[in-house]
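Each structure below is given as structure tokens.
Next come two complexes built around chain A: one with chain B, the other with chain C.
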Partner chain A sequence: MNELIFFLNKVIISGATLGSVYALGAVGVTLIFGILRFAHFAHGDMMTLGAFISFMLVGLFQAMGIQTPLPTGFIVLPFAMAITAGLALGIDKGFYEPLRAKGVKTVTLLIASIGVTLMMQGLIRLFAGTATRSFFENETKDLFRFKLPIEGVKRSINISEPQILVIVTTVVAVIVLHYFLTRTRLGKGMRAMADNPSLAQVSGINTAAVVRATWIIAGSLAAMAGTMLALDVILKPDLAFNIVLPIFAAAVVGGLGHSYGAIAGGFLIGFAETMAVFNWAVLLRPFKAGLPEWFPTDLSLVPTEYKLTVAFIILVVVLLFRPQGIFKGASS
Partner chain B sequence: MIRRDAILFAGLGVLILALGMWLKVPTTIQLLVTALAYALIALGLNVQWGYAGLFNFGVMGFLMVGGAATTFISYPLNDAFWTSAGPFMLLKALIAAIFGGLLIWGVTRIPKKGNLSKLRGFLLVLAWGVAYVTYRSQIDPAAKLIETEAGFVGGLGLHAAFGWIVGGLAAGGVAYVIGKVCLGLRTDYLAIATIGVSEIIRALIKNMDWLTRGTLTVSPVPWPTPLPADVVASGMTDTYMATIVSRSIFLALTVLFIAVIFFFLQRAYEGPWGRMMRAIRDNHVAAGAIGKNVTKRELEIFVLGAILMGIGGAILTTYVQILDPSGYQPINHTFIVWVMIIVGGAGNNYGALFGGVFIYIVWTISEPASLVLFSLISDMSESAGIGAIPEIESRALQMRVFVLGMVITFALRFAPQGMIPERVRSEG
Partner chain C sequence: MSLLEVKDLHGGYGGAPILNGVNMSIDIEDIGVIVGPNGAGKSTTLKAIFGLLQVTDGSINLDGDEIASMMPDKLVPLGLSFVPQEFNVFTEMTVHENLEMGGYIRDDDLSDTLEYVYEMFPPLKEKQKQNAGELSGGQRQMVAMGRALMSEPKLLMLDEPSAGLSPRYMMEIFETVVNVNKSGVGILMVEQNARQALEFATKGFVLAGGKNRYTGTGRELLDDPEVARSFLGG
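Take a look at the complex of A and B:
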């Protein structure tokens, strides 16, 4: 039983947390790909930007003396999301829209998004420096321990406050997104445009509004993912730069352009990462007496330092065998 | 070359001379060596992207392979490794890898139709699993033994210029495998795949301590030409002059490499082979329809470009004399090369050469330039009573990345063809 709880802590809870962050990022990437047809590499830095905006708002709130039972970083999230969405719109207006208006190939937009990544990264470091920061300098990070009322169980299920928040928020965001895409006029327009842009335009869908909506959703979800990641781990300038590739992996696994696929892909990558580095021999410990002498004590699939590599391997394998994603046909 | 290009190159020459006045001479030579190595890498990417339209975002991976290979070739022999049980255990690991490879190959031979076809997918996964476990069971103890007894495998102690060539060939070999599996993908998908592969290569080189010493770094990697200390030993007493002489010889060797490569690239580009590649790039369906083997040609050019990148990476590693896997970042080693060929002009070798040197200079001087600018603003804000800018030095360093991003976004918007654009000579 102790071993199972260890598994729960190490694989399920941290996998779900990581998966939530990936899913939130991947939805943005996949929406942009579906509507504007290019891989938006600046998404990782949009997440970092959102996290830094939250951090500044937290400073502002604390300076005003606002005390809340939840972490302040979570309370300021709606404001940070709004600001980041506005910035995302500004970036589109300033950098991508002129290129689209010139009718360039979509690969040029990809290269432009790398230029935007570099500029954002430079600016963030210019103003924030390279130091790491924590959202919990003036607050405590609550850790909940759940003891199971079973005889002989020493370990407790550990889950921290940010972890609960990130999972709950992701679930809420996914439900809201689902209703937006299926019940509202704009959401339906987005799906139509992702399916067939010319047809969408001739049937009277306001494509400019759809593009704006895409950036607003992508920007606010990026801010949410970035802040959540910073709450769970730590805030640093290259926070999301390392995570943008697993996010692409999640989006590709779910099929670029499919929002529901991206959510599934995010959790899949998150769990795959934690499961690959988990030492499965731990689960066999209760049966140790029955195992032969030569049985290895370390049964993890890959060493811990290759944790991120797991995502890339999944990415490459999926691209090679099912570039359309694993849910082709199943998603809307 | 037309007059506009000549003026641009002359301008670049003036810029370098001006830098020589401003910086010290050895620093300028150092800048030139690195800039030329990047120009060679840019030529490699130009071959892949400019000639054939392959969207390779894994430049960093090839640079690392080139750097690691040249280190392995030119670093002195490590006797502690060769006298230990390490070589034998590595041989066993190699045999295990070959066994695994054969197993996987054997399963892929199963026909897609017939009795076993339903089991094929399952057997393939099983074969991969068995091969992986077999290989891990051999390599893990070998790696552990080498790391504890010998540190790492050391090198072969051969000449460094030979190491450069091997670096290129190793990168080409890796590119062959990557190209074989990835080149079926196009545009964004190929970009994402190659970026993923380059991250895998980075993780491997960073963590295979037995082969590359990983984060512990390998140094000093020998030079192919005399080091400053050697020049001093041969009788030159002035160390400043000795540094200049030594670096100039290194620079001369680099220039020689690039000149030879450039000559052949240009010949190939103007010949039928170059026309065929442009045809494949512009319309691969049509090129396939008139009988060109698109897959094979693209693989060929992917490998060729990677060889150039490998040589460039080898030169970079050799020059700084240290193999530091943690020092490789996508910004400094992949994206900057893309900026070089976009600004220089994709599809034109002169453009790649120009862009390589020019962007590297911009990248280098944007730090001191922003330092000057920030100090100015800081003085102004201080006199205005707002206070000085804190930590000017570390902030100025970050401006390099910003300037790089700004240059590429402006180039895409206002000069998408680059400074020296591609010129297709039309017959008649």
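Take a look at the complex of A and C:
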């Protein structure tokens, strides 16, 4: 029983947290791909940017003496999302839109986004320094321990406040996004443009407005994902650049351009990573007496430092057997 | 003044000009049919009217508004609709959503128009929750026409609506075109099946080399031995 709870803490809760962050990032990537047909490489740094904006807002809130029962980093989230969405619109206006107007190939846009990512990394380090920071310098990170009322169970189910918040917020965001895409005119217009851009234009859909809506959604979700990740782990300038590749893997695995696929892909890769680094031998401990002596004590599939490779193994396998992604994507 | 008045239209995709002086005039009670050999500029004419390519010279007037080089998102509210020949449905959206996208520019209630479209295309009513990509070619064409009618156009332009359809479906689509016209929508269409289409055309245009070669009523063109020999295969 103790071992199962350990599994729950290490795999299920961590996987759901990581999967939530991946899902929020991958949805942004996949929406941008669906509408503008390019891989937005700067998405990771947009997440980091959102997290730093949240961090500055937290400083502002604390200087103003605002106290909240929830972590201040979570309370400032709507503002950080709005600011990041505005910056995303500005980045599009300044860098990508002039290129699109010239009718460049999508690979040019991809390379432009690598330029944007390097620029953002530089600017973040210029203004915020290279130090590692925590959202919990002036407040405590609550950890909830749930003891099961069973005899002999010593271990408790542990979940931190940021973990609860990221999972709950992601579920809410997914529901809101689903409602937006299936019930609102602009949301359906977005799906129409991802489905068939020239027919969307022929139908009189204002494609420029759809592009703006895409950046607003992608930017807000990036700020949400970045802030949540920083709340859960730590805030550093390379916070999200390191996870931009698994996020792309999640988007591709789910079928590029397919929002629900991206969410599924995000959780799939999140759980796969935590499962791959989990030491399965732990679950066999109760039967230790019956196991031969040569039986290894560490049964994790890959060491923690190679966690990232898991995303790529899944990506390669999916691309080999189902190249259009789990769901049929816009790229097919 | 006619609903659509095209005068001396020149244009192309930026390279060599494709249209070298197209003239046509369509009224709301008209069914205009454009025929002609491959590369005559038939589809290009529709695309030029719909703002999808560069108009270099000439004028296009829709119900009193000069619309040359206007983009579709401005033209649809003015009462112009276009059904492209290929890729003319949103495959991963339901039939119902496809129709809603046709009415995207409207702020009022769509339900009356939806009912009108479902009446015009009864098979679509049962399939309204299905993705348009799962439908047969003929039914897709119905979705495409239905989508274009959702904006309540004054003039509906169709690019080869019968392309790739069986003769039965072709006749069905042509019947619908006539019915749509009777409900008060002007029609301008490009058609490969020239003979059948000219039978019901009130105006026919034979294009060649990007300009009008013959213009007349459908009957006149069918009865003209010159047109029959050169353009309708004897």
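Please note the rule applied: the second predicted complex is superposed on the first by the 326 of 332 C-alpha atoms of A that agree within 3 Å, B and C clash if a C-alpha of one lies under 4 Å from a C-alpha of the other, contacts with A are read in each partner's own complex, and residues count from 1 in each chain.
As a convention for this text, contacts are C-beta pairs under 8 Å (C-beta built on N, C-alpha and C of every residue); 3 or more make two chains touch, one makes a residue touch a chain.
Note that the coordinates shown come from a computational prediction; the quantities given were computed from them, not determined experimentally.
Undergrad: Could you let me know whether more residues of chain A are touched by chain B or by chain C?
TA: After superposition, B is the partner touching more of chain A.
Undergrad: Would you sort A:V11 into first (chain B), second (chain C), both or neither based on which partner it touches?
TA: The answer is neither, since A:V11 touches no partner chain.
Undergrad: Which partner chains sit in contact with A:I217 here, chain B, chain C, both or neither? Use first/second/both/neither.
TA: In the superposition, A:I217 touches no partner, neither chain B nor chain C.
Undergrad: On the A-aligned overlay, A:L123 touches which partner chain: chain B = first, chain C = second, or both, or neither?
TA: After superposition on chain A, A:L123 lies in contact with chain B alone.
Undergrad: Check the residue A:E305 against both partner chains and state whether it touches chain B (first), chain C (second), both, or neither.
TA: First partner only.
Undergrad: Looking at the overlay, does A:F38 come into contact with chain B only (first), chain C only (second), both, or neither?
TA: first
Undergrad: Taking the superposition as given, does A:L315 touch the first partner, chain B, the second, chain C, both, or neither?
TA: Only chain B is touched by A:L315; chain C is not.
Undergrad: Per the definitions at the top, what is the overlap between the chain A residues touching chain B and those touching chain C?
TA: Touching chain B in the first complex and chain C in the second, no residue of chain A appears in both lists.
Undergrad: Given the complex with chain A, which residues does chain B contribute to the contact?
TA: 55, 181-182, 184-185, 187-189, 191-193, 195-197, 199-200, 203-204, 206-207, 331, 335, 338-339, 342, 391, 394-395, 398-409, 412-413, 416
Undergrad: In their shared complex, at which residues does chain A touch chain B?
TA: It is residues 33, 38-39, 95, 98-99, 104, 106-108, 110-112, 114-123, 125-126, 129-130, 245, 248-249, 252, 256, 303, 305-306, 308-309, 312-313, 315-316, 319-320, 323 of chain A that touch chain B.
Undergrad: Using the touch definition from the top, list the residues of chain A that touch chain C in their complex.
TA: For chain A paired with chain C, touching residues are 185, 188-189, 191-192, 195-196, 198-207, 328.
Undergrad: Show me the residue ranges of chain C that touch chain A in the complex, using the header's touch definition.
TA: 50, 52, 71-73, 75-77, 82, 84, 87-93, 97, 100-102, 104-105, 147, 151
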